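Below, chain A partners chain B and then partners chain C, in two separate complexes.
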Partner chain A sequence: MRRLAAIAAMSLIATATACGVGSSAGSGVYTTVDGAKQIDATAPINPFNPQGNTFLGYDAMTLAWPKNDPVDRNRFYPGLAASWSATPDQGEVVIHLQPDAKWSDGKPVTSEDVRTSIGLAYTQGGTAYAVDPKAAGSAADVRVVDAKTLKVTQGASKSNLFLRNVLSTVVVPAHVFGKLLPPGFWTTLKTARGTGPEAEKAKAQVTGLAQKVISFAPAEDVSAGPFVLERVNPGEALLVRNKHFFASRNIAPERVKVLNYTGNQQIWNYLIAGTLDSAPFTATPSGVLNRIRQTDGNEVVKGFSPVAVSLAFNQTRKPYDNVHVRRALAYLINRAQVTKVASPEAGTPAQTTTGIHAASAKSWLGGDGMAGLDPYRVDPAKAAKELEAAGMTKKDGRWLKPDGTPWRVEIHVPASFSDWVAAAKAITSQLNDYGVDAAVLTAADYTLYLDELAAGNYDIGFWLMALGPSPYNIYQRIYGSANGWQLLAGRLTRVPPGTQGNWMGGPETVGGVNPGALTNRLNVAGPDEQRRIVGTLAKLTNEQLPVIQLYDYVNTQFVSTTRYTGWPRTDSDVLRLPAGVWMQLGMIKKAGR
Partner chain B sequence: MTVTQAPQVLPAPVSPRRNFWRGVARVLRRKPSRMAGVAIVGLFAFLGVAGPLLYPNPLPRDDNALYAAPSWAHPFGTDFEGTDVLALVVTGTRYVLLAGLATAVITVALGTTIGLLAGFHRGRWDTVLMRLTDLQLTIPGLPLLLVLSTVWKFTSPIEMGVVLGVLGWGGIARAVRSQTLSLRERGFIEAARGLGLPTRHIIGRELLPSMAPYIAMNMLIAVTGAIYAQVGLFFLGVLPFDANNWGVMLNLAVFGGGALTSAAALPYLLAPLLAILLLTLGIVLVVDAMDEIFNPRLREE
Partner chain C sequence: MNTVARRLSGHLARGTAMIWVVTTISFLIIRNIPGDPVRGQYEKLIEQGMAPDQAERATAALYGFLPTGSLWSQYTDYLNGLIHFDLGQSLSTPGTGVATLIGSAAKWTVLPVLGGTLLSFLLGVTLGVYAAIKRSGRLGDALAISGSLLHGVPQYVIGLLVTAIFTTLWPILPAGGPVDIEFDPGFNAPYIASLVQHATLPVLTYALASYGGWILAMKSSVATVLGDDFILAAELRGLKRGVLFRYIARNAILPLFTILALSLGMLFGGAIFIETIFNYPGLGLLLVNSIGARDYALMGGTFLVITVAIVVANIAADLLYAVIDPRVRAGGAA
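On to the complex of A and B.
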């Protein structure tokens, strides 16, 4: 009898477990991972802390969510702001908050919350909230018009990124975070935006608050998003529905579980086990991708990702200061083969080197603009001519430098980026086939890699580029601080090659064109002028090849239709936003309803 | 009657060296596994010397066979570039063996010299050398290597071996010192000292030969340790990229090919793993044979 009871109990447990695993949508749980960070259970519930236990789109809210548009950076979905307006030069931005927005403790979200959040953002510096009055695109004044309306004015040094940066402000509750701003903070900030010793002192006071803000640990989460953090442990964070969320009717899941991971392998295994309802972009080899697809309900959604990878040259080092050598290498690299080896699922071979992702390039340059560029198709004969023009000679099947010494191409990559390592290896194999002695050298980690790159210790290294959609951000990767153009106090200066992080070391002007100045101009130019500048820079980049564009990334995401439906389609403009935003927009529904 | 005395036929003198090799052959024959061990080590030694000559340089690639499954043409499939994995393992043997041997030689040379000097001289020598040994033993090898790898690229296997050797002699030094302390009290050492023989003679001719078997076995074990250490470092991705390095292959199979998640890159992972396993097994079996060859008590049994 006792045995029977035990068997019955075991059966009950087994049934309950089976139900628990198979019907998490029934219990309203949505499981995902945070692509931006791993979970640190000891970190505070604070969005200003890089490791903070707040999750954008779920319990951390911005004023609006940028659409994934290849060209227009000023298209948004509403967040805590229901609507907004900006003057043509973006000198003044007026924000109207959601009328029903409330914090999870029931208090309304007001303009004062946004103002406090902006004040806290000033302590961290950057984007629209730099203390320096001359910094381009910095807010000069924040004025509360009424409880739900706010006006933010841009300083004298204007940037057309201002609206985007203001709308990206993460809003925190003033009744929780407000005490971090000392009395008289706004007066101090005003002083800091002036000049002279008083201003310097005030500046130090404002930025001196940074650490206090980062380390602030509220006792509990107070969220204006669709969820609020209930608990966090080293394995996962659990968020529960915020019943006060202004668009609560759009939210299908009752709870969200954000799982921790230590590497891509763990995310792959979660996906193969069918654990995740969605996962952000994760580098995945073809074999693993096929295995993930075999799991019932799993689907792959692909979209535009404004990122490309390139081979960047240190032009302070010979022979890479010679454009003929750079062009020769471009003619020897088979980009399609490199992409096939390195990133077949999440990359498309670059059509040519423009500095821009192919999807954006079509819009910026048009068919005519693209036709005027050299596609750098594989052509060993042209490469040989270029190398000879650079004074190189071939002996016993190997190319030698003009002084007769052996030429060895060393390509540096961080060891942890497996697609870059594979791409670099594929390139060296191709170059060796054509008589160029080439080798891959790895750096232990990405931080060390960037340090060594900035110190000018590498001849050639892999470099992320085309970080759009803003054209300024795109070309700033090639003609920005890495190439010697520094924007300090609103003034563009050029530092000598090989110093102060100028590791690319390109010439200041080419044929009378100053690419750094043109790039900086993109910050303030209108649409027509931007198009002209982008055309000029694309042509210059194609001719001079400070980098060789290898492949453009494709945003490859994973969703499961087992428990939820309504996922974004391929090339949807929400694909780069967190799944919490998809929920806010009412896209995600429980399966079978 | 004349008695003709038949000439006495003496057995042909057998040199100790010949006796030794006969003993070796007998010990090896006693257990087939030992023969297998010698064969495995011999095979890897051959691959180390002639492996790169067996394949064209650079190794052929096939864009249409990336991560190809095992076949007659590619017994362990192909890698991310469509290169035969077996060819990578074979051509990569030289680096692994050279680094392993360099490590073993340095480990044993340093460890034995320091252990012998400390144990024989005792007193201040012993104190200084053993504190030095303790210091070496307390240095965490792997973290130090990780830091060193940021400034030193270890492009040659000898460089790798030197660093691993310099970081690994402490254990042998301590063991050799213990043996020396025991041996120096024996009669033959007492006699040698009584005869006034120089220290160099006593250490080199009396003590060292008695410990040679022990040192030789330690040397082989040091080779396996060095293989694990260097392959581990390459696997962590902190050392230079070389497509046919076994550790790099493991790294790329796991992190680039997802070998622990999907079957596509599994042969790419298994090939270097099997090579490491086989080489270690071969060395362990040879050490087993050496133990019996040099240990009279085991030989009698």
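On to the complex of A and C.
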């Protein structure tokens, strides 16, 4: 009994001790959450591993950081690259590294580190480092000019995203990761970018390294960023200051604590408790947002987010193959009301359907372009005309299909997306008021939802779109693989509706325009041609409505002024970058200084 | 001794067969769950604001971790791996062994679930005896009502309530995570204190959520024992209250012992809601995340661990039951 009492007393004392020292406020700790992934203490310290324990902007560095520009995707802040230049067609990119850049073990960051990182990126495939030579925008040659200068040459199939993709390369230390590339790797890569059986064999050798690269677990973190990982447990990661960081004087915090989270609720709790110095956007109900704002020091910063949410149609299913039905629904949905219900703080009602976020649409289309579009304001009379044009009839206050059977609109959403569920409920409520029988059906999780959507099992589903700033990224969500246009080895093909993930099932051409081909062209076109293509696609999307754009997201972030100041202002072009980059740029300072 | 060995070998044979059947069924179910893990991961990254080309790059290599071949060959590979204690590689944490992930999560499950189970068992059983003995009084009523109330409230509601109270309204305990990363891991006071601090709310929630079940079961069991002839005989013999209490408790606890043994077996299923609410990285959370990510190997490994734990707990309960209750010993007279 005495022993039990002693243990209990020890526990109490120990708990009290922890309470005393557990508060990290004012001790130079910066506490945040990584919105891109949950912490897994068993994952390696490896940026090539999707779950890896590296944190972009803190201990993982890219050559440059893209600015949050609604239109221009080729504007960057320097990262490990101090400067860069590119030929007009982006055929050649020359990179000059930060002269003082060093790894946390004191070794200098060199061109060889970047070359090794590019070699490792080839094993993972995709974008600038696709092994397939026909893939648009892939690098053909990487040449070390000197210890701090590097030249990357684009292959014959050019893309205007090349500079962006090269500058987004995550750089790892060659003296740690270099051993993953076997001797003769660059020769094998050169062979792989040719044709014939030898090339195929070499290609398999390069991509065969992917798992080895992903699984590689360095014994400790070697970082060129402002921080270096000290340790990680399943709930938190601790990063300490890298004394060798080239812009060390810009960094105010001594340590960074990244908290894990299992859901939005957890982030809200941390914010309400005043634990976090900054947090990424989470869909937050108004009541919770107000509660977060009540905590001393908490502030909300908003900016452009190139994402919009839409109602997408499966045009292989009747009556949604009929444009009049889609237009009728557009005239019946009150987007302002839907946004108010679903995402009052982090959404703005779509002005109309263009496929583009409103903030970008103005720049791309101009005032005249926007004026020529149908805004699809709520207009039940127009909706009725459209439905009649589609052969539908109204009986006893309810709309019937052309064959006289009841028309039931079923809108599918993943159950875990609270704002989408709320939006879908608001829409069905509106439709029911106008005599259209409508219901919301939820999928258990997002993975299942996407599977069912791709299998063509839904009539109408929610869909993310307008993923700018690249116009190709924007329109490939509507006229890409989900609508039957597939880009394989640099060649655009069209698969029939209802097959190979073509669940939107739209026509290949409309009035002689092939939207998929135009979208693909956006990858290589110059600025003037891009503007013309975007104009054509916006007009076509507005008329044909393969989707109804509901609301554009607003990047809503939380910061606390209790311990740090110097936060980005509203609409700042750094808002979508990690807070570690804000620190690198000298923005975050300790409060009271 | 021979009898025990014979019983044990019979249990082991049945247990192994049971594990094989459950493993096979779970393998088939898991492989037939709809959902493409790579597409899911790609769209998740898009949803988090990543540019499509970046998301494509981040997910392309995951295809290499997907199982290939016919269902039969996947099944034989899986069984072959199991025989060699190889649970495969995770897809959601690519390159990491499933056994590593399960081992890492298991240690975090033990503290809240075992702590919560034992705390609620001790409280529930002790108070259950009093509730039965004093069932005509106010104390008995109060205890029974508290048990019924807590038994009826779902775990996640209790979890959210204690979170709101102790992390927001009266913020004296951490809102999540297993331990503060700032303390050096090891046998030192701040680290242990931080562990205790972080485990308090999960243990409390688990104990509150399961206390009601124990108290009601014990009360019912004691009430039944109280009507038995041997209790009447003991009272007539004028035995002391303490001895009588021991008689009652020892006989009434027998059915609860089986439930406790199974609860300890279920321990390896984790506490899904509690671990999710408190961001406690145990097996329950691991299972949920593996289902969300369609991580076939991890799902299979987690189900296997739960199955083995329950089978082992069943065997242990059966063997120990014979030890604590002479009536069920093999060959023993009732």
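Convention: the second predicted complex is superposed on the first by the 567 of 593 C-alpha atoms of A that agree within 3 Å, B and C clash if a C-alpha of one lies under 4 Å from a C-alpha of the other, contacts with A are read in each partner's own complex, and residues count from 1 in each chain.
Everything below uses one rule, namely that a contact is a pair of C-beta atoms (placed from the backbone, for glycine too) under 8 Å apart; a residue touches a chain by one contact, two chains touch by 3 or more.
As the structure is a prediction and not an experimental result, all values here were calculated from the model.
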Next on the checklist: Taking chain A as the common reference, can chain B and chain C both be placed on it without clashing, or not? Answer clash or fit.
Outcome noted: fit
Item to check | Touching partner for A:L575 - first (chain B), second (chain C), both, neither | outcome: neither
Item to check | Contact breadth on chain A, by residue count: chain C or chain B | outcome: C
Checklist entry - Which partner does A:V288 contact after superposing on A: first (chain B), second (chain C), both, neither? => result first
Checklist entry - Counting only touches as set out at the top, which of chain B and chain C does A:N269 meet: first, second, both, neither? => result both
Next on the checklist: Applying the document's definition of touch, where does A:T442 land relative to chain B and chain C: first, second, both, or neither?
Outcome noted: first
Next on the checklist: One more residue to check, A:A237. First (chain B), second (chain C), both or neither?
Outcome noted: second
Next on the checklist: Going by the contact rule set out at the top, does A:V341 touch chain B (first), chain C (second), both, or neither?
Outcome noted: first
Next on the checklist: With both complexes overlaid on chain A, does A:A383 touch chain B (first), chain C (second), both or neither?
Outcome noted: neither
Checklist entry - Now for A:A422: first (chain B), second (chain C), both, or neither, which partner does it touch? => result first
Item to check | chain B versus chain C - smallest C-alpha distance in the overlay, whole Å | outcome: 6
Item to check | Overlap of chain C and chain B interfaces on chain A (superposed complexes) | outcome: 263, 265, 269, 272, 448
Next on the checklist: Per the contact definition, I'd like the list of chain A residues that touch chain C in the complex.
Outcome noted: 11, 13-19, 21-22, 24, 29, 35-36, 38, 40-44, 48-51, 121, 123-127, 161, 165, 168, 210-211, 213-217, 231-238, 255, 257, 259-263, 265-266, 269-270, 272-273, 275, 281, 305, 307, 445-448, 450-452, 454, 464, 467, 470, 473, 476-477, 555, 576
Checklist entry - Residues of chain B touching chain A in their complex? => result 58, 61, 63, 66-67, 80-81, 146, 149-150, 153, 237-241, 243, 251-252, 254-258, 260-265
Checklist entry - Which positions of chain A touch chain B when the two form their complex? => result 263-265, 268-269, 272, 284-288, 290-291, 337, 340-341, 413, 415-416, 418-419, 421-422, 424-426, 429, 432-433, 439-444, 448
Item to check | chain A-facing residues of chain C, complex | outcome: 34-37, 39-41, 43-54, 56-62, 64-65, 92-96, 100-101, 104-105, 108, 163, 167-168, 171-172, 174-183, 185, 189-190, 192-194, 196-198, 200, 275-277, 279-281, 285, 289, 291-294
